[in-house]
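Written below as C-alpha cells is the structure these notes are about.
For reference, chains read A, B, C, D and E in written order, and residue numbers begin at 1 within each chain.
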Amino acid sequence: MVNIFHHQNNVIRRITIKEFSQYLQQPDGLVWIDMEDPQDAEVETILISLMDFHPLAIEDCQKGTDEEGHLPKVEEFDDYLFVIFNPVEFLPVDDNGKRQWEIKTSQVSAFLSKKILITHHYKPLRSISYAVQMLSKNPQTLGKGPDYLFHIIIDDIVDSYNPILDSLDDAIDSVEDEVFKAPSQQTMLDILQLKKNIMTIRRVAVYQREMLNRLSRGEFMLITEDEMIYYRNVYDHLVRMSDLADSYRDMVAGLLDAYLSVTSNKLNQVMKVLTIISTIFLPLSFITGFFGMNFRVIPLADLEWGIGIAALFMGLVAIGMLWIFKLNKWI
Amino acid sequence: MVNIFHHQNNVIRRITIKEFSQYLQQPDGLVWIDMEDPQDAEVETILISLMDFHPLAIEDCQKGTDEEGHLPKVEEFDDYLFVIFNPVEFLPVDDNGKRQWEIKTSQVSAFLSKKILITHHYKPLRSISYAVQMLSKNPQTLGKGPDYLFHIIIDDIVDSYNPILDSLDDAIDSVEDEVFKAPSQQTMLDILQLKKNIMTIRRVAVYQREMLNRLSRGEFMLITEDEMIYYRNVYDHLVRMSDLADSYRDMVAGLLDAYLSVTSNKLNQVMKVLTIISTIFLPLSFITGFFGMNFRVIPLADLEWGIGIAALFMGLVAIGMLWIFKLNKWI
Amino acid sequence: MVNIFHHQNNVIRRITIKEFSQYLQQPDGLVWIDMEDPQDAEVETILISLMDFHPLAIEDCQKGTDEEGHLPKVEEFDDYLFVIFNPVEFLPVDDNGKRQWEIKTSQVSAFLSKKILITHHYKPLRSISYAVQMLSKNPQTLGKGPDYLFHIIIDDIVDSYNPILDSLDDAIDSVEDEVFKAPSQQTMLDILQLKKNIMTIRRVAVYQREMLNRLSRGEFMLITEDEMIYYRNVYDHLVRMSDLADSYRDMVAGLLDAYLSVTSNKLNQVMKVLTIISTIFLPLSFITGFFGMNFRVIPLADLEWGIGIAALFMGLVAIGMLWIFKLNKWI
Amino acid sequence: MVNIFHHQNNVIRRITIKEFSQYLQQPDGLVWIDMEDPQDAEVETILISLMDFHPLAIEDCQKGTDEEGHLPKVEEFDDYLFVIFNPVEFLPVDDNGKRQWEIKTSQVSAFLSKKILITHHYKPLRSISYAVQMLSKNPQTLGKGPDYLFHIIIDDIVDSYNPILDSLDDAIDSVEDEVFKAPSQQTMLDILQLKKNIMTIRRVAVYQREMLNRLSRGEFMLITEDEMIYYRNVYDHLVRMSDLADSYRDMVAGLLDAYLSVTSNKLNQVMKVLTIISTIFLPLSFITGFFGMNFRVIPLADLEWGIGIAALFMGLVAIGMLWIFKLNKWI
Amino acid sequence: MVNIFHHQNNVIRRITIKEFSQYLQQPDGLVWIDMEDPQDAEVETILISLMDFHPLAIEDCQKGTDEEGHLPKVEEFDDYLFVIFNPVEFLPVDDNGKRQWEIKTSQVSAFLSKKILITHHYKPLRSISYAVQMLSKNPQTLGKGPDYLFHIIIDDIVDSYNPILDSLDDAIDSVEDEVFKAPSQQTMLDILQLKKNIMTIRRVAVYQREMLNRLSRGEFMLITEDEMIYYRNVYDHLVRMSDLADSYRDMVAGLLDAYLSVTSNKLNQVMKVLTIISTIFLPLSFITGFFGMNFRVIPLADLEWGIGIAALFMGLVAIGMLWIFKLNKWI
C-alpha cells in the first residue's frame, strides 16, 4: 500500500504514483511517500525507476522482512540520506508453554531528500498513522520540510519505547518480589528473559542514539541547523533511555545475585532443621538402644521407675541439646 | 511563585513581572528570576512571551515534574545557555514494610544569558534559599554577573551531595558489620539497596562532571575566562565525588562476596556438627542394635558385667571417633 | 592449482602463466589469478618473479598452512594492497569421544592492484567457486575492476558466516533446553564449547569489521569511491554479525548462571527430601526404641491395645510433622 | 612552621618572611618555601598578601586537613602552576579488635613559578626532609631551578610507594598461604582489606600518572624541555606502579575465587565422610533391627552360631559397601 | 662481557673498545656493541664517556638486574632512540613443594643511532647469539643499518614467545582434563598459576605491541620507511600474541567456572547417594523398631510366618522407594 502526500501552498493533497512522476518533472511543493508492505512493482516504479536510489540502499530496506530488521544506521548519498530506524514491540511469546514477554524489533527505512521523504516498512506502524493524523490537522507539519516530518515520526517511535521501559520496570519489581518471597526455577527463567529484553532495548537505544548524535551535530548537509535542535531533542530521549536500560541491567544483575543468595539461604535453613532433628534424636535413640540390649543385667531395668528415670534422662539430654542450639543462635 | 531580583549600582531590589518587562526594553543592570513551582501563566509570560526561549528547552524544564527529572545537560542557544542540574535527596521509602533509604534526584533548570539568570524548579531548594541569603548580605553576588550567581547555586547543590556520600559510607560500614556478625536475608536486601543508591549518585556525579567539564573549558562564549576557574572548582568536586562513588561500588561488590562467603561458611559449620553427631552415634546405635538382637546365644549377654563391657567398648569407639576428628582438625 | 582469468572487451579467457607474463609487458584488460594450494614453483614465478611483491607479504600469505591462519589485515604497498581474510568453517571435532562442533578459521590472502587481483588460499573455497561461476555468467563481474570482483568474494565469505551464526543460535536454544530439563556435566562442557565458538566468530567479525571500515572510508587510493559503498555494505554485515555475537555471548553467560542455579536448585530439592524423611522417621524410630527398652515396667506395654495406642501416637507425630512442613511450604 | 631557602651564587641561605618580602621587590636568585602545618597568619602573609595566589588554589591546599586530602591535580595559572600530590602511608588500624593495615593518603600542595617553589603540607614529610638534606649537601639542587627541586620531591614521594607495594606483595603471599592452609572467616576479611588497599594505591598511581603525563609532555610553559625528561622518569615509575597494582588486583580476585573453592571443597569432604558413615551403618542397623523384632519365629535365632552368622553377614555388607566406595573413588 | 662488531665494505670485524673510540673520531662503517652483564668500568667508558647517553636512560638500563626488569618502552633523544624490550622465560619454580611453571620477564635495553646499535642485558640471550650467527654468515645483516639488525633481534625475541604460548595452550588442555576427570585442590592452584602466567605474557605482549606500533608508523626519524614495514611485521606477531593471550584468558575463566561446577556436581552426587540410602533404610529401620517394641500383644508376632510377612512388607517398601526414585530420575 502506497500513500503519497503532496503539500503546496499549505494544502495537503493525496496524489497517485502517476501524478508523482509528473511532479518529479517540475518539483513544486513537498512530497511524502509512505510505503507500507509495498508490492514489488511499486518498489520498482518508485524507488528504482523514478527516484533512482542506490541498489544497496533498496536491498537494505527490503531486509525489513527479516524477523528483527537491519540495525539502525544513516548513510549519505549524493542528494539524499538513507536512514534505518527500529521500532520495537513487546509481544507475548510461548516458550515451552510458559508465557513470556519478548521485545521484538522491526524496521522502518526512510529516504530523505530536499523535497521528498519516502518511508518504507512492512507492518502498519503507530508512528506513521500519527504523522498522517498530524498532517490532516496541520498541513504545516509537512510544509516545514521533509526533515521536520521525519523528525515527528522518529520522535514518536522513540516515545513508543517509554511504555515498554515502564513495563520492564514493573517486571523487575515483580521478579524482585518473587525472588524474595517465592523463588522457583521459573524465577530464574524470568530473570534471564528480563535480561534478554533489557539488552535488546539497550542495543536499540545505543545504536539509535549514535545515529541521532550524527544527525544532530550538523554532519549532514540535508539537515538544516534549525532542525538539528529537534534531532538533538530525540537524541536526549535516547540518552535517557540507554541510561535507564543501563540501570535496569545493573538491577537485574543484582536480582540474579539475590536469587542465588536466597536459594542458598533456603538450603542453609533446611540443613539447620535436619541438623537439629538429627542432633536431638540420634543421642536419644542411642539411649533407647542401650536399654534395649538383651543383657541379663541391665542397670535400672528392674526398678519400677526405671523407665521413668531413663525418660527423664532423655528429656534432659534433649533440653541440653536445645539449650546448646540456643547458645549458638541456631534456633 | 516567582521572585525577580534586580541589581543596579550594587543595590538589590525585588521587582514585579511588569517591571521586568519594562527592564527588557532598556536592560540596565542585572536580573535573576527564580521560578519555584510557577503557574502556567507565569511560565507563559516570562519564558515564552518576554524571553522567547526555544519551545524544546521550555518543554525540557517542565519535565521536572517527573519523579526523577531530566538528565543533566547544557545546551547553547543563540544568546543564552540552557542548563539542567540534578539536586539529590536521601529519602526514607517503605519497601514492603522495611524502612529503606533511597536517593531521589530532582531537577533544576536554568537559562543563563549575559544579563539575566532564570532558574526553574518545582520543590523549594536549599541552594536557592542560600543564594537569596547571599544576595541580601552581599549584592555583589549578583553584581559579578549571572554566571557567577549560577556558579554559587550549583556549587551549593554539589556541596549538598557530601552528607549523602557520608551516610552512604556509614551505611556501608553498618552493613559490613551486619554481614560478618548477623547476616540475614535482610542484609542481602540492604546490600542491593545500597548498590542502587551508589549507582544513582554515581550517575548523577558522572553526568554533571561531564557537563561542568564543558562549562569550565571555555566551550561556551557566555562563560567568561575568569568564571571558568570557578566552574573548574565545581568540576573538581564532582571528580572527587564520582571517584568516591567508584570506590563505594567496589566496596559493595566486596560486601556481596563476603556475604555469600559468610553464608557458605555457616553451612559448612552446620554440616560439620551434623557429621560429627552422626559419625559418633550411628556406630554406637549399631552396637546397641547388635546386642538387642533376639538370638538365643548372644556373646557377653549372660555375664554380670556384660553391659558394662559393652558400654566401655562404646565409650572407646566414641573417644576414638573424637580423636580422629581432632586429628582432622574438625573440632 | 593456478587459474588465470583475463578480461578484455567483455570476454573472459583463461590464460597460462606464460601468456600472463606477456600480458605484463603490455597490460591490456584485467586479470584475476586464483592460486589454490599452489606449488612452490608457481608461487616463485607469479608472486616473486613476475609481480615482485614484498617478501613479508608473501611470507604472510604462506602462513595460511597454519591451523588458523593469520589474523585479518590490510596493508598498503606502493601500487597494490595486501589483504588477509578469514573464512570460517563449522567442523565436527572429537573431544575425548564426545562429538563437538568447533569453528575453524582459515586464510585467504589477496593482492589487489589497479588491473590485477591475485587470490591465494590452501583449501578449495566456496566463495572462489562462486566468483568463478559469476564470471562465466557475466564477464562484467571482472570488467568492473579487480576491486569489484574482490568485493564479490569477501561478500560471499561474510555471507557464509550466516548459517554458522544460525547453528550457534540453534545450539544455544538446545543447550538452554538441556540446562532446564536435564542438566549434566556434559551440559557444562557444551556451554564452554559454545562460548569458545562464539568468541572465535566474534573475534573474526571484529577484526574484519575494522578492516572493512578502513577499506570503506577511502583510506586507500586503490578503492574507488564507487566501490567504497560496496565495501560499506560488507562492513554493515560484519557490524550486524559482531552485534549478534555479542548478544550470543550475553546469552551464554546467562546460560552458565542458569546452569549453576539449576544445579543448586536440584541440591536443594534432594536436601529437602532427605530432611523430610529424616524429620519424620527419626522421632518415630525413637518412639519404637523407647518401647523396645528392656525395663521391667513399661507404660502401656501390658494393655491389649497398647501397641495400637503407640501406633496411633506415632501416626499423630508423623501427621504433625507433615503439617509443619506444609506450613513452611516445604512440600 | 615555615622554612625559606634562598639560593644565590650557589650558596643556600635560610631567610625570614621579611627578607622574602624584600626579595620579591627585586627577585635575585631562587627561593623555596616549605610550609609545614603553617599558622593562619603565615598562610595569609605568604600565599595571599605576598604571592597573591588564586583563592580557590589556596582553599584547595587547605583541604589537606581532611583525612585523605584532595585528589592529585595540576592547574595552570598566569605565571605559576598549582600542583597537588598524594603521599601515602601504610598505617595499622583497629577494625573491631582485629589489627589491619590500611593505606592512608595525605596531601602535599605546591605552587611552582619561574623562581619560587612553595610546598604546603600538614604532617612532616620524609620527602621534604630528604630535599632539605640534598639542598644542604648540594646547593645546585635548587640552583637548577624550582622545577628541578620539585621533581626531586615528587620522585622521592613516588619512591616511597615501593616499600608499600612490597608489603602488599608479601600480604598477598601470606593470605594465599592462609587460603590454602587454614581458611577462616578472618581470611575473607583479610582479602577484602587487601583489595581495598590495592584499589587505594592503584587510584593514587593512576591519577598521578595522568598528572605527570601532562607535566612531561610539554603542556605547561613553566616546565623546561630539559626538565620534562625528569618528569617522564617519574611518569615511568608510576606506569610501573599502576601496572603492578593491576596485577595485584587480578591476584586478589584469584584469591577470592580460590577461597570460595577451598571452602566448597571442605564441604565436599565433610559430606563425603557423612555419606560413607551413613551408608555403612544405616544398613547394618537395619539388620540388627531385623533380628531384634519380637516375632515368635526368627530365622537363625535359635542356632548356637546364629549371631555369628548374622555378624558375618553384616561384615560382608560393610566390606561390600567399602568396596563400592573404592570403585567410585570416594575413599 | 662486551663485544664490538664493525662493518665496513661488507666485512665484519671484532674491534676493541679502544678501536671503537678511534672509530668515533671518524665514523666510517657501522658498529654493533653488545654488552652482556658488563662491568661498571665498561658501562662508564662506553655509555657515559664515549657515547654520552642521558643519565636517566643509563639508569633505566641498569634496572635490568631487578627480577622483572623495566616495562617495555621507547624514548627518543636528540640523535638516538632508547628502547627497552622484555624477553620472557618459562622457568620451573618451587611453590611450597609443588612444581609450578612461572613466566619470568627479563630486560634488554638498546641504544639505536644512525650508525651504532648498542644492546645491553644481564643474562646471555638466545636472540643475541642468533644475531651474532647471522652476522658471521651474512655481513649484510649489519650492513643494512643498525635498525635492520635491531629488528632481527626483537623479531627473534618475539618468536621466542611462541613455544611459551604453545606450552600455555598445552597446560590449558591438561588442566581442562584434570577439571573434568580428577579435580582436586591442586587443580585450583594450577588454574590460578595458569592465569597468572597468561596475564604476564599478555602484559608483555600488549606493552610491546604499543611500542612497535609507534616504531612502525614513522613516529621516529631514525627508523627509515623501508624498515618500518619490518617493524610492522613484528607488530603483527605481537597483535596475534595478545589476541591469543586474550582467548587463553577467556578459556581459563571458563575453566574456573567449570571447576566450580564440577565440584558442585560431585556434591550433588554424594548428596543423592546419602538421600537414597537414608530414604530406604530409615523407614525400614522404623518397621523393625515397631516390631521390636516390648508390648504384650504385637500383631503378627505369634504367627509362624509373621517375620516373613514383615520382611515381605519391608521389601515392598524398599522397592516402592526405589520406584519413586526411578520416577524422579534420581537413579
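Everything below uses one rule, namely that a contact is a pair of C-beta atoms (placed from the backbone, for glycine too) under 8 Å apart; a residue touches a chain by one contact, two chains touch by 3 or more.
For clarity, every value in this text was computed on a predicted model and none was experimentally measured.
Under the contact definition stated at the top, no chain borders both chain C and chain E. Centre to centre, using the average C-alpha position, chain B and chain C are separated by 41 Å. For this pair, chain D with chain E, the centres built from the Cα atoms lie 26 Å apart. Annotation for chain D: residues 260, 264, 267, 271, 274, 278, 282, 285, 289, 292-294, 298 touch two or more other chains. Contact topology of the protein chains: cyclic, one closed ring where each chain has exactly two touching partners.
Read round the ring from chain A, going to chain B first, the chain order is A, B, D, E, C. Every residue of chain D that touches chain B in the complex is listed here, in rising order: 54, 56, 60, 70-71, 73, 75, 96, 185, 188-189, 192, 195-196, 199-200, 203, 256, 259-260, 263-264, 266-267, 270-271, 273-274, 277-278, 281-282, 284-285, 288-289, 291-294, 298, 300-307, 310-311. By the touch criterion given at the top, residues 177, 180, 229-230, 232-233, 236, 239-240, 243, 247, 250-251, 254, 257-258, 260-262, 264-265, 267-268, 271-272, 274-275, 278-279, 282-283, 285-286, 289-290, 292-299, 330 of chain B touch chain D in their complex.
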